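Going in written order, the chains are labelled A, B, C, D, E, F, G and H, and every chain counts its residues from 1.
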Amino acid sequence: MNNNNFIDLGEVQFDIGREGRCGFPEVIYGEGKSQDTILKIFRAIIKHDIDGFATRISDDKGIFLEQELSRDNIKFSYNKIAKTIRIFKQSGGQSVTRGKVAVISAGTSDLPIAEEAKETVLWTGAEPIFIQDVGVAGPHRLQAKLPLFNDADTIIVVAGMEGALPSVVGGFVQVPVIAVPTSVGYGASFGGLAALLGMLNSCASNVTVVNIDAGFKAGYIAGLIAKRAARNCN
Amino acid sequence: MNNNNFIDLGEVQFDIGREGRCGFPEVIYGEGKSQDTILKIFRAIIKHDIDGFATRISDDKGIFLEQELSRDNIKFSYNKIAKTIRIFKQSGGQSVTRGKVAVISAGTSDLPIAEEAKETVLWTGAEPIFIQDVGVAGPHRLQAKLPLFNDADTIIVVAGMEGALPSVVGGFVQVPVIAVPTSVGYGASFGGLAALLGMLNSCASNVTVVNIDAGFKAGYIAGLIAKRAARNCN
Amino acid sequence: MNNNNFIDLGEVQFDIGREGRCGFPEVIYGEGKSQDTILKIFRAIIKHDIDGFATRISDDKGIFLEQELSRDNIKFSYNKIAKTIRIFKQSGGQSVTRGKVAVISAGTSDLPIAEEAKETVLWTGAEPIFIQDVGVAGPHRLQAKLPLFNDADTIIVVAGMEGALPSVVGGFVQVPVIAVPTSVGYGASFGGLAALLGMLNSCASNVTVVNIDAGFKAGYIAGLIAKRAARNCN
Amino acid sequence: MNNNNFIDLGEVQFDIGREGRCGFPEVIYGEGKSQDTILKIFRAIIKHDIDGFATRISDDKGIFLEQELSRDNIKFSYNKIAKTIRIFKQSGGQSVTRGKVAVISAGTSDLPIAEEAKETVLWTGAEPIFIQDVGVAGPHRLQAKLPLFNDADTIIVVAGMEGALPSVVGGFVQVPVIAVPTSVGYGASFGGLAALLGMLNSCASNVTVVNIDAGFKAGYIAGLIAKRAARNCN
Amino acid sequence: MNNNNFIDLGEVQFDIGREGRCGFPEVIYGEGKSQDTILKIFRAIIKHDIDGFATRISDDKGIFLEQELSRDNIKFSYNKIAKTIRIFKQSGGQSVTRGKVAVISAGTSDLPIAEEAKETVLWTGAEPIFIQDVGVAGPHRLQAKLPLFNDADTIIVVAGMEGALPSVVGGFVQVPVIAVPTSVGYGASFGGLAALLGMLNSCASNVTVVNIDAGFKAGYIAGLIAKRAARNCN
Amino acid sequence: MNNNNFIDLGEVQFDIGREGRCGFPEVIYGEGKSQDTILKIFRAIIKHDIDGFATRISDDKGIFLEQELSRDNIKFSYNKIAKTIRIFKQSGGQSVTRGKVAVISAGTSDLPIAEEAKETVLWTGAEPIFIQDVGVAGPHRLQAKLPLFNDADTIIVVAGMEGALPSVVGGFVQVPVIAVPTSVGYGASFGGLAALLGMLNSCASNVTVVNIDAGFKAGYIAGLIAKRAARNCN
Amino acid sequence: MNNNNFIDLGEVQFDIGREGRCGFPEVIYGEGKSQDTILKIFRAIIKHDIDGFATRISDDKGIFLEQELSRDNIKFSYNKIAKTIRIFKQSGGQSVTRGKVAVISAGTSDLPIAEEAKETVLWTGAEPIFIQDVGVAGPHRLQAKLPLFNDADTIIVVAGMEGALPSVVGGFVQVPVIAVPTSVGYGASFGGLAALLGMLNSCASNVTVVNIDAGFKAGYIAGLIAKRAARNCN
Amino acid sequence: MNNNNFIDLGEVQFDIGREGRCGFPEVIYGEGKSQDTILKIFRAIIKHDIDGFATRISDDKGIFLEQELSRDNIKFSYNKIAKTIRIFKQSGGQSVTRGKVAVISAGTSDLPIAEEAKETVLWTGAEPIFIQDVGVAGPHRLQAKLPLFNDADTIIVVAGMEGALPSVVGGFVQVPVIAVPTSVGYGASFGGLAALLGMLNSCASNVTVVNIDAGFKAGYIAGLIAKRAARNCN
């Protein structure tokens, strides 16, 4: 497949060379797109037998798409909390597991973003290790879970409020920590700004940061790292 | 002494009722005051036999005041790193120790603010416990020092960058943590804003916050807590 | 009870060692948690006979939880204005009064945050003194109320708009003032930012600050100070 | 004189119709202008026999202008702290006193801005009442000075840090309070932003605000109010 | 009436000494107060025969209060666009006209704030001159209206977006311009911040500023200026 | 027609001299205006036989206006996605095409703003070239479309998120690029601030910027450039 | 010359295809480059006989480069106020005049940025019309100068403080207004932010904006517009 | 070596367990530390035979440390542009090459940060590929260099101003892009904020971000990724 191919769908120019150039297919950002536009892209994806993935699918769009895909007997997985839909390659042949990614959340309220990250990791073909509610106010909880993720290729840490967990996790591990600030909090959290700034200024040298609530991006980058780490080793 | 007395020095109205109303005498904020003005206030303080304290004394003002006070045989203590001068009650009768305050800093670069806090604690008559460079990137360092401050009446935590240390300390102790964000850092630390926001959003419920680089304020409030805790119990 | 124990409830790791380590049990932050998750935690709390406390309980969650707890004959107190629920130790044996905390609000619109602070103080076992609507535009109102709180161990001041009240209160008292900025205001109040910055820059040395609308945090810290002050004096 | 006249000096178009249109002549903002340009404007002012006024004159420019004006036997007044120069109408005939303006500062460090306001009030022909260092931390100081300014036509309040003084003054008086936030402070004062926001959100209804450090503007507006109030009453 | 009197209504301490101290009675800020609380204050106002004024009355509260006041045969004026209610002194004896205030708006969308300013001016007893939609993009419109307000004692200019109108008006008049930034605009207007900053930095020396959307405050201060200007001259 | 004429419609002063002074007639900004006010302006426009244009017409106002205009047999064009209504000169004689303007959008979610720009270009009489969804993540898509717009007189680039597309387009063309940041994005896009700052700092020298979501302004300025370029050359 | 050529100078990849692709050659941004690096680029420019242009040349670099270029007998023009150096094509054959660009500044302190814009216009081969100090506080000054620029192809307006001048100019003209906010001002001008936001929110539809202090960019874009307008008309 | 060991040097608690826990030894952040403190840490590093690394070494500290280390015959490498010093393990046995990291800068002015990244990569034992000045305004330059880094394990992209380069690079590669915003720029770059926000909002899914000017952090994380990728494959 030519890496510079794209399909002209009118308001969408779907980039089918993305997987060749970037390692994974183009992903559909659901916000601001009508359900009809998303369905149109899904149909192009299915026709070209690509591993489809859509994020930020609101509940009403989700119900509509679930119905349409079910009617057409398409294999897919819809995660309501993550607000994501994965469309499986209709030719079968799912991606084999490529590396491990830990997804750690600081608090129960961070769940939707942690789920988005986990779904993305699954879509990249890596194996997620999912650990919840181990924020710094009860530090023994994190330490109790350390053995679960000590062989991950990279670690996603999802946290709102002051966003201190990535720094703490960073002090225990030898792999990159991808920090995801969330908009969980109130007052001077300013919609996640406090967590974002905290993570950018982490005194742990192995912490890198993505946008507020960007569970998808963290999962995508983690998938790339895991794939690279597992390249000629599996 | 009337709690509503003040001395009219022209550009300064020195509040000699402050100790009666607020527990400690008025403190001199050195920034934006000329060395002559500060000296004029010092002389009023000495005349009224008050425990004097001045903060934010730049090096050149410090040298000048040191010379003037020495010439007059005044008992004082000048801390160049903290940029503070304490004027001791010329009548003698230093304050007895009233409670204990831990002063903990995250990194070596936070030293000047930690020193300012320590000097203020000394001036309030409480006993400071001073612990340096135990930031979260090396978490075992903090744990090794825990026994040193487990009987403090309150804990001042001084940290720049992402300001995560107060949250971590907060998870181990039963007393208020007074967090002091510092302007240590670069880029998106925005002069201490990142640390300030982090501390305000701490998930540890016992963390309260003062202004960026406000070692003095933390020491003052800690002194009040320690004094209250030690009230009629010593 | 082991200070490092926690209960694994899936999306929640409830920290039952919190009281041992930090002086008070873990508190439930209601925002972003489903009513079912909160109920699950309440049941764990009741089972372990802990003084439970939940904040930021929206009206619909409140009604649901009220019904469920009533049906189970649990002793609790639901404050709709404060949006809090206290679960009383089923074994009886309420905390004895430990110190006094004044809770002062600047304006009528600050009531919900002042109520949250008051409920938290009650939960910590301290005695609240509640004073409303004494903002600086009518300064004689505050002075008329001064005798009511002159023996408090600490003073919580709740204020929105320009947040000047803590500075004014600070000038009259010998104990720490815990300032709570609220999001009350409009335009350049920027959701409480104006009050927050004002309080952080207070020229009164005894003013410390918590997050915008953080009535809970102020109450918690005040409870710790009161408890410490009352330690071996009651 | 035609209200729409101006003098073309090349890089400056000096507006000599300003007094006719706006009540007072055009004022020279010294920042970013060379000393030669300022001198050129001064000479045009002298030639047209206008009451000249220049602000933000740095020390080196001030020394230069002082020398030049002295050499030419021009009547002027240079205030080094205020960084202002007033050029008196060479025809004599100084403005008679038109109303009274109180200029009140919160702290000693606010002096330069308070002086700028005072000089501007003098230039407008109103009588200034100057009161220093009566910030809210020592509230009795303000109350002791109240009788000095109870007949002012308007009150300028100069304050940095949290900028609470205008709200407090506002609660005692029946005339407009013109609040001048200053850049005095550190950390989260953000160069005067905290004071500015505090003043804009004042709960006192009679507080209006000018730019940070804008002593000149406050003096100018106060002069207009005083002039109007004294119109047909003197 | 004692200037330091207030009525204790529980959640409200109504300041009945306000008129004596500040020139006008206390005003009710409607936001965040229940309709029952507002009615309770109205009844106290009526009982004490004060000129009542309430702002930020949402439509539903307005309808409720309108019904209640009508039922009790109270004289009042409810302005739905301004969201204000004036309660007239039941003893009759309305305030005589004291000075003139121009209220000028830049665009049609600024109407609600301009109406709030106008209602406040009426309540202070001054005479408003109301001029709409004369923004700077069509400068001849303002010039055509200049004769209408050339004898005003002060001028309120209400503008959103870039907030340039006060600067332009300021260049034509000899009285203070009270600039009211509005939240009208989109994108980088940031809820009125652009207009606010523009007005604070006005190159016209006679422009002073109040909070975003603070039509009330502008009207109140204008009322004070007009009253002072008309003092013993009518 | 006198360039300084305007029609006084009460809350609106419609500027009918705008076309003579500024090249195009006054445009109606629909936000914050009632549907009745907009209709009143439309009727004045029709009476004066002007090319009318209204932006930011919400769906409910659009339906109302569509009905009213249809009933009166007015020629108009309503674009629901762009939220614009064009009223055609009832005398016929549409503007002839004056130059070409490319309108390029980065993503499908930017469509409404791109449509607003396109409608504005049409209203100015220029010919729009419309290209969608060619963001930088799939750079070959833009290059494939380059031949379509290589003779445009100016290029409007509409982009949200990081707003990088204008810089990239700017590197390929010899005409001004008018960049329109959109509020498309989440988290640290801060409502379009990220895209706005990115575009202002573009390293491509030919990129100029309008407000966030200001499709109208971009179209208007592009129309002026195209008209000038086509001036006496067609 | 191949449009995709560039010269590899080590730390610089000088783009000699820029003129072919973008209409004007690559420009040297002097900040952050050593004088030796700039000289190295100048020599490449001279060797390839390109019209060179460098901006943001600090005084010390300027003196060095002036000496070096003089020694080599290079034709150049150094403008100390604008901080720019133009290197003339050594082959002669200067660009003929292509269109007219007005450069208007609001105040004397904006001169350096206005000069940078003027120098850039000269470099693009267009004819600049230079008008200074016509800010909105004296509106008759602008009107007196209108005849001077009524045939410009575009107008650059340079203004600091509230940045209102572009809106006012925009109301009088039929060509695009390129607004350049400057960092002139103090306090809440926040380094030009106030002017930038004001210009972005201009109610005049023909105002587009460049970065703060970006005289160069305004001149470059104006040059492109003028060139296009003059294309087949001169 | 015990992973929880640290050396108590007074103001420094040097963490010698860092390499065991985190993969690389503790690094010295030079800002805010005296040259004597840094030398003291260097001596501890040498004594424990660790690969030392110090960043943000100002020129004067650099000269001092260079002299001291030279006198002691220590093997080290001082990079003045990067402001870094590497201390080589005195036992010899340099780290073997572990993976490849491309370091790409957008402009010549970004050089110091790119050099810091490169030095850090070298210190981690990975092989850097260094590519300069390939910003998006001349897009062919990047494409010409693509073959040089198509086998890198990860790519560091250093860019100031609008920070668009990472998005463009991201569209061509299958590995993570670590974006480093720099403070290069002026005006609305706000010290690197524009670039930071742009990178956080990148539409390329493989872009992750570190702090402004954090060349060190990018290099450290890149080193971890490269090491993991090269793990058991070399």
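By definition in this document, a contact is a pair of C-beta atoms (placed from the backbone, for glycine too) under 8 Å apart; a residue touches a chain by one contact, two chains touch by 3 or more.
The shown structure was predicted, so the numbers you read here are calculated from the model rather than taken from an experiment.
Asker: Pick the pair from B-H, E-F or A-B whose contact list overlaps the C-D contact list by over half.
Answerer: A-B
Asker: Farthest chain from chain F, going by the mean of C-alpha atoms per chain?
Answerer: Result for the farthest chain: B.
Asker: With touch defined as above, tell me whether chain B and chain H contact each other through largely the same residue numbers, more than half shared, or through different ones.
Answerer: The interface of chain B with chain H is built from mostly unshared positions.
Asker: With centres defined by CA atoms only, which chain is the most remote from chain C?
Answerer: G
Asker: Between chain D and chain G, tell me the centre distance in angstrom, where each centre is the average of that chain's C-alpha atoms.
Answerer: Centre-to-centre distance between chain D and chain G: 36 Å.
Asker: Report, in whole Å, the distance between the mean C-alpha point of chain B and the mean C-alpha point of chain F.
Answerer: Here chain B and chain F have centroids separated by 58 Å.
Asker: Residues touching two or more other chains, restricted to chain H: which are they?
Answerer: 107, 137-138, 170-172, 187-189, 193, 196, 200-201, 204-205, 211-212
Asker: What are all the touching pairs of chains?
Answerer: According to the stated criterion, the contacting chain pairs are A-B, A-C, A-F, A-H, B-C, B-D, B-H, C-D, C-E, D-E, D-G, E-F, E-G, F-G, F-H, G-H.
Asker: In their complex, what parts of chain B are in touch with chain A?
Answerer: Listed in rising order, the residues are 106-107, 135-139, 161-164, 167-168, 170-172, 185, 187-190, 193-195, 197-205.
Asker: Under the definition above, what is the set of chain F residues touching chain G in their complex?
Answerer: Residue list for chain F touching chain G: 21-24, 27, 153-154, 170-176, 178, 196, 200-201, 204-212, 216-218, 220-221, 224-225, 228-229, 231-233.
Asker: Spell out the residues on chain A that touch chain C in their complex, using ranges where they run on.
Answerer: The touching residues are 107-111, 132-134, 137-138, 140-141, 144, 184, 186-189.
Asker: Enumerate the contact residues on chain F facing chain E in the complex.
Answerer: 3-4, 6, 10-13, 15, 17-18, 26, 29, 31-33, 37, 56, 181, 183, 191-193, 196, 211-214
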